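Listed below are the structures to be examined.
Each of the next two complexes has chain A plus one more chain, namely chain B in the first and chain C in the second.
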Partner chain A sequence: MDFEMGVEVEALRRELRDLVAHHVPSDYLGAFTDDPADLEMAQGFCRLLADRGLLCPAWPGEWGGRDASPWEQAAVREEMWAHHEPRGAQYMGVNWVGPTIMRHGTREQQGLHLPPIARGEVIWCQGFSEPNAGSDLASLQTMARRDGDGWRVSGQKIWTSYATMAQWCFLLARTSREERKQQGLTIFLLPMAAAGIDVRPIATMIGPHHLNEVFFDGVWVTDADVLGAVGDGWRVVQEVLSFERVGIARYARCERLLIWAPAALGAEWDDLPEDLHGRWARMVMHARRARLLAYRVVDLQSRGQVRPGDAAAYRIAVTRLDQESAQVLMDIIGFAALGEGEGLRFRRAVEDHWRYSISATVASGSIEMQRILLARALMAAS
Partner chain B sequence: MDSDFGAVHDELRGVARMMLANHSPLTTAGRSFKPLDWQLLASSGWLGLEVPAAQGGAGAGFAELAVLLTEFGRVAAAAPYLGSVVLGTAALSLLEANTGRDHRLQELAAGTRRVAVALPTDRPEVGQPTAPFRIRRAGSVLEVSGRAGFVPDVVGADEILLLAADDHRPVLVAVAPSAPGLQIDAQPVVDETRHLAAVIADGVEIDPDSLWSFTGSPEAGAARLAERAMLAVACDSLGLATMMMEATVAYVTDRYQFGRPIGSYQAVKHACADMLVGISICSELVGTAVEALSSDEPGSWVPVSMAKAHVSSVAVEIAGKAIQLHGGVGYTWERGLHAYLKRAALNRSLFGSPIAHRRRLAARYAGEGNS
Partner chain C sequence: MNIELSDEAEEYGRQARRALGSAGGDRLAQQAEADPHARGALVDPVFEALGAWELDPRAGSEELEAGAALCRSAGWWALAYPVAERLCRPRDLDVDGLVVIGPGPPAAPVGGLRMAWAAVSLDGWRAVCAASPLRGPVRKSGYVVGLEVGSFERGGQGDVALGLVLPCWTLLGMLDRAMSLTRAHIAAREQFGQPLAAFQGVQFQLTDAEVERLGFEALATHALWSIEAGRADAVDDALALRLAAIEAADTVFRVCHQLHGAIGFCDETTLSWVSRASVPLRRLPLNLAGTGAALTRRLGRRGLSGLFGPNDEPSPTLPALRPERR
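Moving on to the complex of A and B:
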């Protein structure tokens, strides 16, 4: 089963692969390692993509894109994630921060934020979760209190990816206490350089420099930093989350690693137990099914018809694929020597995939919550 | 594990649990995987559990060792116990008596010597273990060559025991880590609590007094060592899975979202119930295998393979589910659950993957089994 997305998309895909082959080291496993050279590589790669109009091709021309089809953007997502995201943290800006600002931002906010995202010069982080507001996000306690003609933000966010390197934070805070906890929430576009912000890294098994706690102590923001209407944050966040949940083309990395396995193992591939070959083939198909679900969401999104359940269904499929394919790949490397060269690169990529996949069913909404969301949508429709 | 020794086992378990309580990555903030104090293990009598009383040991059996191994799994203990005690002591005990052997057993029990045993592990096929090393005799000179990968606890061992073929007959050969021609390459694995290495011997000259024959059938001796390794790993997985379930139940009772404990949601409750079902089955499988191995039953490899295949794979699922139900904190370094998941993953592939064990079990029905 191959997916024909048209000559433009295939040409774009070839161009991206060519750039990866020439500019991304073959042992690259992501930007957030203990080696600062990896982050530097990612920053440079973003600028390279931006120069060629490949960082955000689906954006409108006025904001640095070239009005390409959503399918071209999907190809960018796939090729980048498949190759361990050489854009580093930039995918957040391109996938959802930029589009959300286009939709809800003022002209000034658009002018301030969109060009640097399109040029690949800026890193954003997302200030949503709090220690006691995870699945129950709407119960968050970070407060923005009115102070003269601006606001003072105090509170704590957690699981904030890339906060140590971000210049801006897409922050959700409470601006008033209303009858329902979903009311009275507001989005701020907050500069991370502001006084009163303390970022503390959280060491995790998914790799260094990923997650952080962010403490806000009376951080000053102005009305110009409010995105959309005061008190209307929850609605915007729902939209953001559905963007974010389709934002990572996890299936592309799964598929690439699976397809790589026979070549990486060489002669040892044929010696694998037959049932492992079978499980491998099943995973390849699972990856393609997840890809189809992603395409369905892209299609619905491009026609403005996406419902919350559609993104949830894709996410359930793709996060399970992430973990199940990681398990099959770990079993495969257990049977092979893979001590040097391409074999060793494959082993390291698989181990990284396995570690990272652990967070797939928790990050940006646990799989349990996705199931509840999907079931709710299903039952509301009946 | 009901036996006449039930009370003894309960006491051993109770003492071990108390002594190890603060050593789990769940309580040490997961920052370091500091090895357990070897001398403390020696003074507790845990290094010489199976060593005969004449050599300063406790003269106990594998059933007692299994109790400890499960407790070590509970705390994901970092200690060279698998290499030196589970395999080293047993390997020496399976040999024909000689003074060199008895002296070593004494030192092992006292904790003044540590050994590692190089069995075939890097191609995790199971069956009659093929010796990864071979002996070459040139006149009066004896040489050993070969390679074994993923050997536990080689680094830091005073001596390495190699399972070698001497004219097709399995024997054990003791070599010093510094012996010319011997190479030890550390093999980093995802599990930070244990240390594995490849042992490569290229014409290492050996002292004829360091070449030992097994008592009775050498094949049976070699197979028994392999079975001990497999079952030790299954005990470890049982212990760690049980700890993961207990930690999860405690967490989902304490953690509130939407104004209620997350453990009150069916998705979470059902997952915890499934953990308990899984652990109950694992515990039965391990108990049966321990009994078969410690009473030296013929065909003990069958329950051993069943336990290794099932428990090592269920433990990965339980540790994974534990992390899932802990949400974000589940994969933080500080919480320490990741150490369990990685250890479970290594256990799954060490000394035969579930696929390899199941294939061997299935072969019995095709009339081409190993027993």
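Moving on to the complex of A and C:
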């Protein structure tokens, strides 16, 4: 056995940390704050990564990547999420929009969309969820009706991250009503600048500029904007979800904050209640546990295998870690002054982590769906 | 990265499980309970045939991983025999096995066997010891007896991690079995006209238990590698594993009993035997609270190794854990 990632991955990790240290402000907490400088920083950082082939390392060299191994991809996910995702909204284009276009797009679509994603110059949003179609996505009602040699899209999407700043939308809409609700769905690559689109931000406790409603009122798209075959959208969406098999490396941020805590508190660390030291140690163990569960999925991926139950188990463990570690860290900062310098940066990072952790079991698909998947896999194996 | 046991170790574990199954399987635990002093004789021929006691987990990764796989298979059958403890035998002492002891009165599930034992404390003090005679019914004691410990000497630092990790592999085998039995039960048992497995409330409990079992398995493999690689923080890793193991066992057995209903407490179900057999492993050498406290003490301000740790901090001053001679 060997739990070391190897010299190549460690070199990549050092390169990423070096870039973060030199280009990401030490008080950076994500691209989507009230300060526009954070978004600007993220966009600049993406270009920096792109110049080094690090923005989409998993992509083939032909499209601006470097054919990175699943372990190198894991290291990129870990380092970016641990440092509050300095790629901003780019992960969506890089992780699954690009790969899906590579697989199902026409040469024209590939030529139009892939180079800007690889250069970090474009932001995508995902038009999936609707007010009455969340976990039950196939129940969506947004319609695209034939109109001459194109389509007219009407309907409403919700919980659409980055819609206020996105140039393109990866939209799933109904193009016909069939016997099964999974049939008659089609993917459109829709320009957000098109007439008839109204984006309304949703105020949330998580933070600004994240979630939006998007209304489509007879938005015109052409056949050239259809990805794959008309009516074949559900199959494409299943593939999209498979690109997100491991999901966000939430454990990396949890571990960074937990390990940072003693240094941030300095002498005050020793004055914490004994019970809190114990809860901290337990969370450190749970962060490792979640990381090792993620590595099981990556290990399978590296051998071309998929076990949906393992991916679901990881998602359940890591979201629980996200929320429980946030609670422990909030309790820790409650006992310390942390009014300036490193202490203040730590306090703000913990508060940000806590706010985001609330959504961990909902974002990217509810945890109940993961439990259903895992139960299904378990019983099928019986 | 190579995060799984070797194919050879896995195959050895499968062979061991088959051999123990052929020798009686679940009946072995029942026969041992009926005649506790014969529990060694029941399984000796199987272990001889498997060459179990020729394995030296300290000799290298192959034998260490084979030993772990053997422990897991013994756990599957809730075998009433200290396989892990025997595999931990230090080669420099004239003993049959080794147990880790906590700060409380030394005890281990080694009663009813005519064997000499070594005991090692968490901070590496080691002594030769003798097991006290069995007292009372073993269905209550779980073969746990007090240890009469001789003089402690330094020199057991290399035994602690191994002595903590291999019994966890036995416990892991028990969790494998409990989950397997429960899946079969909820698939077969019908209520309100459908199998229990069709109820989402049942499914979600099952997934809670499975996530715990999988996490435990992942840490068990990592802690084994930490020993293999001779890492300085192997004891930290072993304690982290033990904490996860006890948490997982608590959840898995709670869920498995709940989903079995009253029948799960009855000796006619295998779950009852596996659940009881797990108790000594969960309580000794340290229970959940004791393991958490020991891990917390060791981690101090450093944390575990990982993406960002450990911190560059000196090891905390540990309170004296050296047990007194009893």
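Basically, the second predicted complex is superposed on the first by the 372 of 382 C-alpha atoms of A that agree within 3 Å, B and C clash if a C-alpha of one lies under 4 Å from a C-alpha of the other, contacts with A are read in each partner's own complex, and residues count from 1 in each chain.
Assume contacts are C-beta pairs under 8 Å (C-beta built on N, C-alpha and C of every residue); 3 or more make two chains touch, one makes a residue touch a chain.
Everything numeric in this text was worked out from a predicted model, so none of it was measured.
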**Message:** Under the superposition described at the top, does placing chain B and chain C together on chain A give a clash or a fit?
**Reply:** fit
**Message:** Looking at A:Gly134 after the superposition, I want to know if it touches chain B, chain C, both of them or none. Which is it: first, second, both, neither?
**Reply:** first
**Message:** Tell me the contact category for A:Leu292 with respect to chain B and chain C: first, second, both or neither.
**Reply:** second
**Request:** Could you say whether A:Gln167 touches chain B, chain C, both of them, or neither, answering first, second, both or neither?
**Result:** neither
**Asked** Which holds for A:Trp354: it touches chain B only (first), chain C only (second), both, or neither?
**Response** first
**Message:** For A:Gln238, using the defined touch cut-off, is the partner it touches chain B, chain C, both, or neither? Pick first, second, both or neither.
**Reply:** neither
**Message:** Going by the contact rule set out at the top, does A:Thr222 touch chain B (first), chain C (second), both, or neither?
**Reply:** neither
**Prompt:** Looking at chain A, does chain B or chain C touch a larger number of its residues?
**Reply:** C
**Message:** Quick check for you: in the superposed arrangement, does A:Arg256 touch first (chain B), second (chain C), both or neither?
**Reply:** second
**Request:** In degrees, to the nearest 10, note the angle that opens at the C-alpha centre of chain A toward the centres of chain B and chain C.
**Result:** 80
**Message:** Looking at A:Arg371 after the superposition, I want to know if it touches chain B, chain C, both of them or none. Which is it: first, second, both, neither?
**Reply:** both
**Message:** According to the stated criteria, A:Trp159 is in contact with first (chain B), second (chain C), both, or neither; which is it?
**Reply:** first
**Request:** Check the superposed model and tell me the shortest C-alpha distance between chain B and chain C, rounded to whole Å.
**Result:** 5
**Prompt:** Which chain A residues lie in the overlap of the chain B contact set and the chain C contact set?
**Reply:** 368, 371-372
**Request:** Using the touch definition up top, name the residues of chain A that touch chain C in the complex.
**Result:** 1-6, 71, 78, 82, 252, 255-256, 258-260, 262-263, 269, 277-278, 280-282, 284-293, 295-296, 298-299, 302, 309-310, 312-313, 316-317, 368, 371-372, 374-375, 378-379, 381-382
**Asked** Once bound in the complex, which stretches of chain A touch chain B?
**Response** 129, 132, 134-136, 139, 158-159, 202-206, 211, 273, 275-276, 323, 327, 330-331, 334-335, 337, 351, 354-355, 358-359, 361-363, 366-368, 371-372
**Request:** Would you tell me which residues of chain C are touching chain A in their complex?
**Result:** 1-6, 61, 65, 180, 183-184, 187, 197, 200, 203-204, 206-207, 210-211, 214-215, 218-219, 221-222, 224-226, 228-229, 240, 243-244, 292-293, 295-296, 299, 301-304, 306-311, 313
**Item:** Residue ranges of chain B touching chain A (in the complex, touch as defined)
**Value:** 122-124, 149, 190, 256-258, 262, 265, 267-268, 316, 320, 323-324, 327-328, 330-334, 338, 341-342, 345, 348-349, 353, 355-356, 359
